[in-house]
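My questions will all concern the structure given below.
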Amino acid sequence: MTRNRVRGRLPVVLVLPAVAGLAFLLVPLAGLLVKTPWTSLPTLLSAEVGEALRLSLICASLATVLCLVLGIPLAWLLARSGLPGRGFLRALVTVPLVLPPVVGGVALLLVLGRRGLIGEHLDAWFGISLPFTTAGVVVAEAFVAMPFLVISVEGALRAADPRYEEAAATLGASKWVTFRRVTLPSVLPGVVAGAVLCWARALGEFGATITFAGNFPGETTTMPLAVYLALETDPDAAIVLSVVLLLVSVGVLAGLRDRWISGPT
Amino acid sequence: MTRNRVRGRLPVVLVLPAVAGLAFLLVPLAGLLVKTPWTSLPTLLSAEVGEALRLSLICASLATVLCLVLGIPLAWLLARSGLPGRGFLRALVTVPLVLPPVVGGVALLLVLGRRGLIGEHLDAWFGISLPFTTAGVVVAEAFVAMPFLVISVEGALRAADPRYEEAAATLGASKWVTFRRVTLPSVLPGVVAGAVLCWARALGEFGATITFAGNFPGETTTMPLAVYLALETDPDAAIVLSVVLLLVSVGVLAGLRDRWISGPT
Amino acid sequence: GQQTGSTPAPGSGAPEVTGNVTVFAAASLTETFTQLGEDFEAANPGTKVRFNFGGSSALAQQLNQGAPADVFASAAPANMKQVTDTRTVTDAPRTFAKNRLAIAVPKGNPGRIAGLADFADAGKKIALCAEQVPCGAASKKVFELAKITPQPDTLEQDVKAVLTKVSLGEVDGALVYRTDVKATGDKVEGIEFAESAQAVNDYPIAPLAKAPNAAVAKAFVDFVLSGEGRAVLGAAGFDGP
Amino acid sequence: MTLDAELRVTRGTFSLDLDVTIAPGEVVALLGPNGAGKSTALRALAGLLPLTSGHITVAESTWDGANAFVPAEKRPIGVVFQDYLLFAHMSALENVAFGLRSRGTPKAEARAEAARWLDRVGLSGYEQTRPRSLSGGQAQRVALARALATGPSLLLLDEPLAALDASTRLQVRSELGRHLADFGGHTLLVTHDPLDAMVLADRLVILEGGRAVQSGPPAEVARRPRTDYVANLVGLNFYRGRASGTQVGLDGGGGLTIAEPVDGPVHVVFPPNAVSLHAARPEGSPRNVWPVTVAAVEQHAHTTRVRLDGPPAVLADITTATLAELRLRPGDALWAAVKATEVHVYPA
Amino acid sequence: MTLDAELRVTRGTFSLDLDVTIAPGEVVALLGPNGAGKSTALRALAGLLPLTSGHITVAESTWDGANAFVPAEKRPIGVVFQDYLLFAHMSALENVAFGLRSRGTPKAEARAEAARWLDRVGLSGYEQTRPRSLSGGQAQRVALARALATGPSLLLLDEPLAALDASTRLQVRSELGRHLADFGGHTLLVTHDPLDAMVLADRLVILEGGRAVQSGPPAEVARRPRTDYVANLVGLNFYRGRASGTQVGLDGGGGLTIAEPVDGPVHVVFPPNAVSLHAARPEGSPRNVWPVTVAAVEQHAHTTRVRLDGPPAVLADITTATLAELRLRPGDALWAAVKATEVHVYPA
């Protein structure tokens, strides 16, 4: 005898809007898939597209790593340190979200460009120049995507019970060990959520990238840039390319095991 | 005697990257502020800019409300319902993030446009046409911003202890009451984080908006559109406008009391 | 319009040019310039052309922030001027192509647009370029000449955005460039009109000062302005300078 | 109206297999070692853990069975969880009022009723306190009030008094006792405190390793324990053995003389205070005298408990006077004596 | 090496003001009603709650004072929290090994040591179990093992045995007792169980409303309670009164005769089993005889406890035989009798 029962019906007040929300997000996607002129796909899958896709995935992943390394500590600082003026800092952190990405790219140029506040010295002293390089793509994507990580992780940290950190302290764990072994694992779902947002945003990033890093095939032309150029010449191709980008991203994200995403059990 | 002591030093391994992260986000902003030609501000603050700003704030807020209404239930469905294929659904939800916004706008047109799958019927039966209207702006912004809300809230839900929901059930609370009075308050920091991301993203949204809703002053011209067009002719003016948008947004977000953001104490 | 008809065919007689040249070109030139780049490389073995396609204004921003480029080809004189104001060019900018407006309507012309006069009909959905971008400026000029007050539903940020709306049937009619109507293929029909001749947009090109590779830069500019270059541009619907 | 349950649940490597029947108004105490499955049984009855097989039937209706499952929110239950699970974002009052509100009581009325309940558990003045600002015992009392407030027809109490201090416990226990006496529903009470069980329950069920090993009225269980756990709980020396006539050979070694002759496998018990300790072998009436060594001495409030190695090993409660006289230290050799009439024997 | 603390902490409306000294190797038990401030005191000693004023000094070093504050992670402490606070994402073994790892023990060694500790608290076989899959008692034992494993020099135990079943409790208590006996550090033990306190502690401190109301060796506190809470804890009938000669007038009404004459304000105690109950006024030796009414009857494992209204009100433990003879019911009128020699009197 198998007893396979759900714990009660799901409430309509929740399921209805949830389904509506899902439809809202997915129907346009379906529309896109329906109208995609798939026949042009084989001719499009040139080496250049492969290159752009590879570059997109690499840059988005590197940008996510950069965001994790800098963003998680920042989230912790905002959520736990008791710094004065945190509310203001938190608001500032969201700035790259609000800034039109092109302006974000301009801001990056102003600071890290060859004539920029910092870029000038980077260039003069170390010979490092970020604009128009693959590293520049990573920087632009990280700049735009980091707020997602910081805000998500900070939300998760605020919801976590700080008494577990106290317990760790009584066991002799330094603030850093506590953070690494107690706090971080307990907010892992929030971190994963943030990283997913961050990665997806970086993957789709266009404005700041083209402004700061330019559009050099094989070096800085990521998929969204390729899509942009395709829009100029062949809108159908642009749709096909977007759908390719989108399928790859869905594939990667769906491959994230539930294990990575679920809380402690 | 006042005893004002921090509980131990903050760990350098966390503070250093946190400060680096903060600098990474804020220095470009500072660069922007430094280079802003403030003198041109008075001439820019025309009625049109005020209109665009007002429209931006209204549309972003409405889009956030729409995202909350549809997105929170969706997050709940993904986190709690035990639906099969949730991992895949979750990945699909991130699609509007990855899609270049212009393509997102095209997707919306394909579905909700005059000749779109659904739009056709909306137009024929109800005379409703979303493109080129303020409502269209809200729809486009919500489409792009909703994933942020869904993913953040889902992360928070996964980190929350489901046994409190069980306790509520034993007290006779239906799934809906449990959700509203137990689950939601306990993930409030996550919801606020998601809403902040959502609002900020909607406020800065450009590509999908202009593609789906067009650009008509007073009706669909939001600040990012105004900024973009200003960039074409007068980059300095564009920077000033972005900074205005940015200051308004920082002002709004900093005004969110810590109270709204902090967990239960 | 500067006339440089006596430019010798590249490669013949001129000193050998080798090396890389980086060209910042307006996105609307993607197709033609990619073609020109390939032709140039074929004609000058040992050279390599790197393109950075983007919005003319964004490219101007990048150049003004010191981007390492040899040549700038803009879709509007205004953007070229932004560059020449802050950064010196080795030669004065020269117009290499001109473009004029055409009416674009969806396939089959469901809105039954016959001419510019229909743009004043509030009952029709009309898309125009925003005044800030070249095609918008040109449109404004055209309407002033024709003494028509258009009733647009949207003022788009560029021609492609307008064409997207036309090809999806969201609008009944729009004013765009001829070249764009041509590039869009059969989804959009073009209607020529007389006033278009009076509002022509110039495409300037210039080699940049402090260019890493001045010789090749100059050669490339010359190539674009040569007969070969003009042929490629003409095939795409541009008028000669 | 009887609750009749056959609880079969598998949780990882642990499996529960417990039949339990509770009459209306009856209070059943579930006792057992840590990890015996008590909380698991409660969760199954509450509808938080579907049965693997078996059933739960109350009166005519099936709550859980092959073809039916009533979810927790539809069962008229009240649960005190072992770790309280108070809602952190609500005040104490709102926590207690929550169940009433969920079941449809108007807000003002629910709050008034909740305030009454808080008062009953000695927490008036803490209405507006958040759970994280309550002490452990205060939190537990809020949890108890929350479970009782809705007047459920099945009460499931998981160690509801464990965190209470001695005098509050006394008070809350008698308040709870009064409540349960008037209560027409079914109560299942998990506790580790034999006193709670004795005072509050009509019947005890002893659970070990997921199986019921003994059940019956408290006095009966206390008098005739069937396992070491139960003997320990009620504070008796307990042995298994085989009787022939008035002699019992104990399974663990040694033997005892009993007053009434029986035959076959038996359990033997006597209280620690029936044991007297002597420095030299005592002469006279006690029929059971054997040499022992002191393993440990524990000072309790008014007596001293001595653990002695045997065979058989035995616990003895001695008075302060005896303690002073014997000056016990671990390792000392002594004689233990128990009168045959103090030894209680019953079939195994 | 003595720990010397003057704990002054304000938490909302509650304030703690407790002086406590713990010698090396000494175990001090902190007892008191719910909300008395026991957990607050522990948190202050652990460094989780900075003092408002006062100080904590161990040997020569100041942990908390006007100009110094040693954070929790720098204090050589081990804490068992009232709600365990086990790390949900680590196995039981990792939880126990965590402190060792944090203090620098290599991984393999830490895990081996942790496994030994789990075994000592009777949880071998649960090494890989996550806290949410442990029963309440199992979780508490992991928490205890986790706190002890690092060999801290100050142990802070907040009701470390509350969730344990009777026999595990016995076992863990004696394991803990052995550990504490060999232990050179300081121990502060919070408990509600007088037995735990008696068995484990060298000295009791009784806290009520944030202030110490009594302290001393367990036997002394048990013999001479100074508040109702303590009397209740140790199970004595307790009265305040004023003695003149062998007569004591009780504050709550009624009077008692005592054996040795004293004068002035006194406390009077006698155990419930010193009280005999009679249907009619008894004649003969007991010097204290007064009429009472039955308020409640509680069946305990081997005795019956009767609460009687007086004056003075009194608790009596009676045997099953007496119970059978008297057939007690609430409201019955009886006579209570206590011998003067059983009544213990000491200055208030």
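By letter and in written order, the chains are A, B, C, D and E; residue numbering begins at 1 in each of them.
Here is the rule we use: a contact is a pair of C-beta atoms (placed from the backbone, for glycine too) under 8 Å apart; a residue touches a chain by one contact, two chains touch by 3 or more.
Owing to the predicted nature of the structure, the values given are computational and were not obtained by experimental measurement.
> When you check each chain against chain A and chain C, which touch both of them?
For chain A paired with chain C, the chains in contact with each are B, in label order.
> Select, from all pairs of chains, the pair with the highest number of C-beta pairs in contact.
Looking across every pairing, the one with the most contacts is A-B.
> Between chain B and chain C, tell me the centre distance in angstrom, where each centre is the average of that chain's C-alpha atoms.
One centre to the other, that is 36 Å.
> Approximately how many whole Å separate the CA-defined centres of chain A and chain D?
Each chain reduced to its C-alpha mean, chain A and chain D end up 55 Å apart.
> Which integer distance in Å separates the CA centroid of chain C from that of chain D?
A distance of 88 Å separates the two centres.
> Give the residues of chain A touching no fewer than two other chains, as numbers and ranges.
8, 102, 106, 110, 116, 169, 174-175, 186, 188, 228, 231
> For chain C, write out the residues touching at least two other chains, lowest number first.
As it turns out, chain C has residues touching two or more other chains at 58, 61, 164.
> Using the touch rule from the top of the page, what residues of chain E touch 2 or more other chains?
Touching at least two other chains: 47, 71-73.
> Contact residues on chain E for chain A in the complex?
Residues 46-48, 71-73, 75-79, 81, 85, 87-90, 98-99, 102-103, 130, 132, 146-147, 150, 156.
> Which residues of chain B touch chain A in the complex?
Going through chain B, the ones touching chain A are 6-11, 13-22, 24-32, 34-35, 69-74, 76-77, 81-82, 86-104, 106-108, 110-112, 116-118, 142-143, 146-148, 150-152, 154-156, 158-160, 174-176, 179, 186-194, 196-197, 200-201, 203-204, 206-207, 224, 227-228, 231, 235, 238-239, 242, 245-246, 249-254, 256-258, 261-263.
> Could you pull out which chain B residues touch chain D in their complex?
Residues 163-164, 166-175, 177-178, 181-182, 185-186, 188, 264-265 of chain B touch chain D in their complex.
> If you look only at chain C, which of its residues touch chain A in the complex?
Per the touch definition, chain C meets chain A at residues 27-28, 30-31, 50-54, 58, 61-62, 65-68, 160, 163-164, 167, 183-184.
> In their complex, what parts of chain A are in touch with chain C?
102, 105-106, 109-110, 113-116, 129, 131-132, 210-211, 214-217, 228-229, 231-233, 235
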